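See the structures that follow.
Both complexes shown next keep chain A, but they swap its partner, so chain B is in the first and chain C is in the second.
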Partner chain A sequence: MDFQVVILAGGFSSNLVPLVSKEVPKALLPVANRPVLSYVLDLLESNNLKDLIVVVEGEDAALKVGGWISSACVDRLHVEVAAVAENVGTAGALRAIAHHLTANDILIVSGDIVSDIPPGAVAATHRRHDAAVTVMLCAQPVSGPSESGGSGGKDKTKKPACEDIVGLDSWKQFLLYIAKGTEIKKDTRVNKSILCAAGKMELRSDLMDSHIYAFKRSVLQEVLDQKPAFRSLKQDVLPYLVRTQLRSDVSSDQNNVEENGNGKNNMQNNEVVLSQVLSNASLPSFHQVYESGLDSRKTHKCCVYIADESKYFVRLNSIQAFMDVNRDVIGDANHLSGYSFSAHHNIVHPSAELGSKTTVGPHCMLGEGSQVGDKCSVKRSVIGRHCRIGSNVKIVNSVVMDHATIGDGCSIQGSVICSNAQLQERVTLRDCQVEAGYIVCAGGEHKGETFARK
Partner chain B sequence: MESRRNPRAVVDPKVRQVGFFTSSQPESSSTQPHQQQTDPISASASASSPPVSTISPSGNSLSPVMIPPPRLNSSDTFPLRGAAAGASSAVSPSSFSYSNRRDFPDGSTTASPGRHSRGSFVKSSTPVASSLPGIGMDSMAAAKSSSVPASGLTTVSVATMPPGLAEKASGMEVQSDQKKNSKPLKEKTTKAERRAIQEAQRAAKAAAKADGGKVPPGTSASVASTSVKAAKPAKPSTQKNEVAVAAGVTEKKGGPSEKDRKKDAPHPRMQYDDESRVVKAKRRAVVKQTEAKNRVELFRHLPQYEHGTQLPDLEAKFFQLDPMHPAVYKVGLQYLSGDISGGNARCIAMLQAFQEVVKDYSTPPEKNLNRDMTAKISSYVSFLIECRPLSISMGNAIRFVKNRIAKLPITLSESEAKAALQSDIERFINDKIIGADMVIVKHAVTKIRDGDVLLTYGSPTAVEMILLHAHELKKKFRVLVVDSRPKLEGQLLLRRLIKRGISCTYTHINAISYIMHEVTKVFLGASSVLSNGTVYSRVGTACVAMVASAFRVPVLVCCEAYKFHERVQLDSICSNELGDPNAISKVHGREDINYLDGLTNNANLQFLNLMYDATPSDYISMIITDYGMVPPTSVPVIVREYQKEHLLV
Partner chain C sequence: MGAQKKGGGGARVSEDAEEQSHQRLQAILLADSFATKFRPVTLERPKVLLPIVNVPMIDYTLAWLEYAGIEEVFVFCCAHSIQIIEYLEKSEWYSHPNLVVRTIESHKSISAGDALRYMYEQQTETSQIQGDFVLVSGDTVSNMPLADLIQEHRERKKKDEKAIMTMVIKQSKSSSLTHQSRLGTDQLFIAVDPLTKQLLHYEEDKIDHPRGSVCLDKSLLESNPSVLVCNDMQDCYIDICSPEVLSLFEDNFDYQHLRRHFVKGVLVDDIMGYKIFTHEIHSSYAARIDNFRSYDTVSKDIIQRWTFPYVPDINFSGNRPLKLGRQGIYRACDVIQSRSADVGASSVIGYGTKIGDGDKILNSVIGNGCSIGSNVVIEGSYIWNNVTIEDGCEIRNAIVSDGVKIRAGAVLQPGVVLSFNVVVGRDFVVPAYSKVSLLQQPTTEDSDEELEYADSSSRTADHLSGLNLQMESKASELGPDGAGYIWEVCEGAHDEEWKHSVAPIPEDKLAEITQAIDDDDTDDESVVPTSGELKSDADSINTDMNDPNDDYYDFEKEVEGTVLRAVEENIKVDLVTLEINGLRLSYNMESADCAGATFYSMMKLAVDTPHNSASELYKNAASIITKWKELLGFYVKKIDEQIEVIMKFEEMCQESPKELGPLFTQILHLLYDKDVLQEDAILRWAEEKAGADEADKVYLKQCETFIQWLKEASEEEDEDDEDEEEDD
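Then we have the complex of A and B:
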């Protein structure tokens, strides 16, 4: 279909400290014991997209991601990994790999999404409108644990950060305005010419940019070349394209130029008549109306695809989101996990050992080779591979990664225990994050803390 | 046989009266009052039409109307085979580079500095997963010196896809198509026996028809022509494995024997009230369609789907439709969403997509280009049909393309064949559509005089060109644009006309009888002209034509000859298209007047949004086509004399 797929897998994300580290780049954070990147790859593979470019920040991270991909996806996908320098931003990353982009259109997918929205839909919308950029919007996910209240107040205040404010035309096809909710303090500027041309703008705050974009390659490369200061796709490139859609500097393609030329009446030229016939036949978007109104105006289209509300979509960009994703993938959105669930709606690996009187509730997952002592209770939690959990341990709404050790009598609620971390006896954690390899001393009682080595 | 030219045949009380048929009033208007008018068009039109109606059928075989041969500017300079062969050399490199583009060209391997030397983009037979550990650290470091280093790609996972995965899918489709088609040939009788049986049947049928007397003109004409053809020595049929024809497109190609067979048992149109067939068709369908529940009883046989169910589904499958060419897919989406509408535009869009298909085509190993390409085109066509039923003009264009493919000499190399096909399609677009429009403009402009008030309905391409050209010639006239809900295409036309400085009046079809008083000529477009002179066009056209004829205003229909079809249709029921029912029940942007909200699924309410109607020839003074201006009675002549040679040769 002449689409190239670029996955921006990022590298080290400061939002996710202490979960991410040099050893575990963001793309490899486990969600239900699988790296988050695997969900993206699965989604693309199920849509028959098998030629992928994965862009990772930093060489170490690229090595790790590449190693994982080569072990997991060999024979199924044709993946190329590109390492870019750290802190170049998404636009910088694309600039670095720009010379590898050859297809007419580029599909850019963030590497941290867990979703079942078919990416083909955004590509199809893009093609249909012949747009310069198409953005997938989806409904704002419900944050925080839905059933049991265990979310920390700290995370809740963080939440509005990812809120976007989008302006759509009355047919909900074109993007007229986009801004991050946090950037708008009191008032904002809306381009008057766009508003006049479109007639009506619908501002919505319940939609969220899903970081799945389809770009016309020529447009993308031109913008990246012309504006070397642009660092982020979402914050720089996209608003720029949206802002300038009625006074386009980018040459979308030759077709556009041709169409502009048909202002003069030239009956002899078949080509001109042809394009005229075609353009007259289609229902003009406000871009075309605007174009026809004033001579020598060039426009490009910024389209949106609004995903169905029934589809699942979460971006793993905060600790809260990490908890949410883990909970949903083995809970409500369990079709994404790829595991088969037992009759109790949980997954207990056959090699896992459970002590006597230990209960593993529904929406739980117990990885391969993990040992759980006597009289434990595990609810709505994910426990990784080869974890050793003592007796009398309560784990609720938490994520315990591989090789973690939890002593007797611990109580863990709403927390993340990274791999190789150790909790000594009778530790009580509530809404805490424990860094990989960290040792929490015995008997402590902690709430809302982050354990990391300095 | 006598009655076939008699215009009264359609108003005969025995014939089911549906559509826009009034009593014999139009007949009187067609003879006397028209001539009383001093208008030259109606004079010429009516002067030529009465002789035709009285002419004996035997005289019909020599074309009774003098039709000027087509004069197209481009036809003289058209690059023929030689030029096409010359062009092929230019084409082949581009096709080469296309095939290379998927894998990164080797040139970039050396160009990109940060690229790991062992990373290979070429799919090797063994899965290369181990190239990672040695990733070029030093080269990375070297690349780091610039602010944004050009990064290299490292192949970490290579899919060992079987080479023929994509081909397999399409190949299976082809096989199934062929299987389907070869069924009727599987009878145990030998060819000679079958032929004898057929001859006998045909003779019996012809005799029955001759006795019956009242024969629809089209069939009798075709019977006559086929009998002439049968006398000729049967050419060896060139294509045996014709792929199943898209429903609605009556196929006619190959040798006469094949044609006769098709004539005797015309391919039945899909009847959507036939449950079992619908279920079967659904299984084959690419587009998932939910049928609308409340369909009007009379139109049950037409497909109608829940609007809005198809597009998201098709969009979601964007990457999964392997054998579909992106260009075709895009056109299909545009049909489905209504981004492209209008007979000419749809046809051009489709042909351009097919050009892309041809450009990117490469014959799979052990396959024949002619057959494989025909099969491919057929599968694309059936996809397009699922997106929106084909118009008759598109049917003709598809027939042309398939014929060109079938007639390609086997001796041509692949690149030559592709170049020839592309130029053929190009020629069809330029000559048959654009060129034809220009000839029509030239003819029609002579009928516009100073002081005229011209009425048009909807937004026909040809009429728009006529008006613009007449305006350029500094003729003084006024235009009345009549429009109708829900498409309101007239507004777009209006916008373009006003921009050029033509004085216009805009009204809706409700006011047609008031506004008709001041009109001097009516120009209409057409989706198709059928061989009994019926004009098949945008719904509402029949109403306009009927009112105009009641007011003794000449009605001129502008239609390119490629849209002519040999079919005969008496009403607009048997073959039509149903649009989105929501379009008529809702007004976009006016939530305050959507009184029908929530009633869409009420069992007592059925919406009918017809797309086309049939205007009987009685109401039409003249048809302006690229072969000249002819009365509607002469349409069969054009169909017979020109259609074949232009579409098939």
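Then we have the complex of A and C:
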């Protein structure tokens, strides 16, 4: 397909402390006992996108991620891992790896996505419109990613409303406006010249940017070169391209670049456009109309692909999102997990040991070699590999990572226990996070706390 | 004032009884546009009686309302009310079987808002408006059906008490160049909820925001997941209103304009949560004749039969139908046309009109009883009734009112409007876009938006009677044998001239606009806040700086005025500081700004005082500084403020390098001597400047020795003797 895929896998995201650590970069956080990055790789592989560059912030993290990739999928995919400096932003990261980019079009995917939206469709839309950039939009979750809610309770004070405001043309093909809802203080200002050219613009606040973009390489590199101050793709590069789509600075020599790369020339290009117009018997897009009206103008197209509402999409960028994803992947969106579920809608690894009178409810997962004592109850939770769980333990809506130890009589609700952590007897946790390797003393009752060594 | 004319008299009583059984469909027709766009013609005749394709506008509106099933129309007359009432009495509308026409007269009303308030006051006495009504103005040409729309409005109202108005819109893309619709109105930006069609935002371009972006309130987007912002819609000015609309006007006595005040008020101020909805029409026609350009456009639409059945060959209002020939030529049966005359496509020629030899008539409308000489060229023009055009005239894209005489060889250039009975002299060329009338241009143009011809009805009569006298005394404006005044373009209306004219927009204007758009676009970037772009980006800095700069400029002007007055009137320093402090608060300025501005004013004063040489200028400056150093001293207590003064001074020197430039060091030294500036400030300034561009360092270099001296002096206080030589 001649698409190069860049996966921006980030580094140690500060939003996710204490879940991430030097040992576990964000990309390797387990979702149903698999690193989150594996979901992205699977998604791309299923769309036959196999030429991947994984960009990781920080050398250490890159080594960790690289190690995992080489063990997991080196035989199936052609993956390069590139390390970039920390805190350079997404645009900075792309600048750093610019020399790796050779294909005509670049698909950029955030490494923390758990979704079943086909990125191939974005690529196809991008190609069909010959766009400078194509953005995938998906429906904004109304109240948390799924209705099975109930977890976290008051944690959901974060308002999902108005995360992104996007403006679309009347056929929902082109992106005319984009702004981050949180950054708009009072007024949304819509550029009149674009509005006039398009006639109508639908402003939607119920769609959000899914951080899957297809860029024309020449355009992307030109913008990155020309605007050294741009740090973020979403906040700088994309709004810039959208804003300037009718008086493009970038596409002026883009045709030349294409000429070299593709052997296409302008004449043919025009013919292609013309034949498209004729064959579809549709009106030319407003870009073309605008261009022909003012012949000195260059335009570029910013397209959108709007994912079907039924598709699942979450970015793992907060602790709440981490909880939601884990719950959904073994619950409502279980087709993503790649596991086969038992008749009780749960997955209990054959090597796991359950004590007597212990129940594991639906939407649960019990990893390889884990042991659960007597009279325990596990509901809607993920338990990692080789965990040791005592007797009379209650685990609800929680994630317990590999090698954790939980003493007798503990009660855990809505919490995350990282790997190698230890809970002594009769600990009660509610909406807590326990850092990897941390030991929580016996008998404590905690609510909404974070346990970390510093 | 508001004498009420009962149309059919007693015959209406029986119908009143029926009102209980079903709600009558009622309409309010505003027979006054409350604008001045059709001047000078409207000084003598109300706009609704002006002919469009040889039929008065109001007939189109009434015929349509009748056809659409409206049972009762209240014609609201303001200016020239007598003429309108007379016309209606003569016409067949008063005796129409299906439509009751009542007139309401009010001379006090100067706006649509006043008119509706008047209606409301009348309402309490007579309760004429019983339910929902249609609000239109008398210059509307339409053929859209209304019954379903009213039904829709009523049902919505039943479900949602707050839905008080339904506004009719129609798709019409405005030109990307001129930003105006084909009707010549400014481009309109509306935001609509795509599902419910509720109107969320209404913005006409010029009045609200000349800027390059549309502002939508954030809460709008938070409460609606999807908002449709349209630029390709035309407001038809046809509204279905619930009775609440009238009371809203009554409650908000400052509402004048239907859109600018009322709609905006409902949308922005959120009065009682009232809502306005839109209804888009697709196949039917609706347009309002707002200006001369829309007059032209609508005329053409009528000739092209978009307004069927309201077309010239059908009798819809007692008009005599014309015969439709090939190529869309409408001709009265008794037209006398020379065989050598050439009447082109899409033309209309009225009854009793004579067309001479070799005439060329293209795309034009010619009224009844006109007489056109030979070898006349008429192109894209509108000739009303009883016009005499002599041989060899050329008329292009002009409007010629009743009774005009155009003498042989005269030329009307595009965009000319001739009002009633004007006489254009022999071989006279009327320049493009001139508006000519026998009446003099009213000199007191108070709030030209609101008053169309409110008080002119009485005056008109006087003028008309004294007409002949004036013709003789002031005939020269249209040639020796002409009569009429060419009106001057009023201030700020130069744009309107070509935008709102019947003439097509000339090419050089188009080129100009294209150029302007280019400039606009480059501006855009700094105007539109960059969403999330880094502050270090050059554009966003401009955005941030723009406004404070303007403010500062104003502030400086004010301070300058204050200081000047203080010097002239010798006001005490305390009082001046008091005044400047007041300014400082009102402009929200820093103390350093005051220092800069005060110093600037003082130096400006020095420069403005007459002087012949640099030394005289220095003396001026010295005396002013000596006299007012206390004032300055009041603001330069801190080092930062002193630096600000030096910077300001440097800036001034750069602006007038010949005058102040050479004196930079001397005056700086003076300021130091007078204890206005401390040496720390000067040294700090020098340090800051050390890293600047070479070009910026001119003045630093000039006073290098002085600074050197200061440095040394601060190190060892004693060595002043020898250094002073250097400084002088």
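What we mean here is this: the second predicted complex is superposed on the first by the 402 of 454 C-alpha atoms of A that agree within 3 Å, B and C clash if a C-alpha of one lies under 4 Å from a C-alpha of the other, contacts with A are read in each partner's own complex, and residues count from 1 in each chain.
Following the convention adopted for this analysis, contacts are C-beta pairs under 8 Å (C-beta built on N, C-alpha and C of every residue); 3 or more make two chains touch, one makes a residue touch a chain.
A quick note: this is a predicted structure, and the numbers were derived from the prediction, not measured.
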Chain B and chain C placed together on chain A: clash or fit? fit
After superposition on A, vertex chain A (C-alpha centre) with arms to chain B and chain C, in degrees to the nearest 10, comes to 70
### Message
Contact-wise, after the overlay, does A:Leu203 reach chain B, chain C, both or neither (first, second, both, neither)?
### Response
second
*asked:* Contact-wise, after the overlay, does A:Ala179 reach chain B, chain C, both or neither (first, second, both, neither)?
replied: second
Figure out whether A:Cys441 sits in contact with chain B (first) or chain C (second), or with both, or with neither.
neither
Figure out whether A:Ile165 sits in contact with chain B (first) or chain C (second), or with both, or with neither. second
So, does A:Ser193 touch the first partner chain B, the second partner chain C, both, or neither? second
Of chain B and chain C, the partner touching more residues of chain A is B
Once both structures are superposed, the least CA distance from chain B to chain C in Å comes to 6
Dual-contact residues of chain A, meaning touching chain B and chain C, are 200
The chain A residues in contact with chain B across the complex are 1-3, 47-51, 53-55, 59, 62-63, 66-67, 69-71, 73-85, 88, 92, 95-97, 99-100, 102-103, 118-121, 123-125, 127-129, 170-171, 200, 265, 267-268, 270, 273-274, 277-278, 280-284, 292, 305, 308
The residues of chain A that touch chain C in their complex are 161-162, 165, 167, 178-181, 183-193, 195-206, 227, 229-232, 234-236, 239-240, 243, 246-247, 290, 293-294
In their shared complex, chain A is touched by residues of chain C numbered 173-174, 176-177, 179, 187, 189, 191, 194, 211-218, 220-222, 224-232, 514, 517, 520-521, 524-525, 528-534, 536-537
Within the complex, chain A is touched by chain B residues 73-74, 101-102, 104, 108, 111-112, 119, 121, 123, 127, 129-130, 132, 135, 137, 140, 144, 148-161, 312, 314-320, 322, 326, 329-330, 333-334, 337-342, 344-346, 348-349, 429-430, 433-435, 437-438, 441, 459, 461, 464-465, 468-469, 472, 492, 495-496, 499-500, 588-589
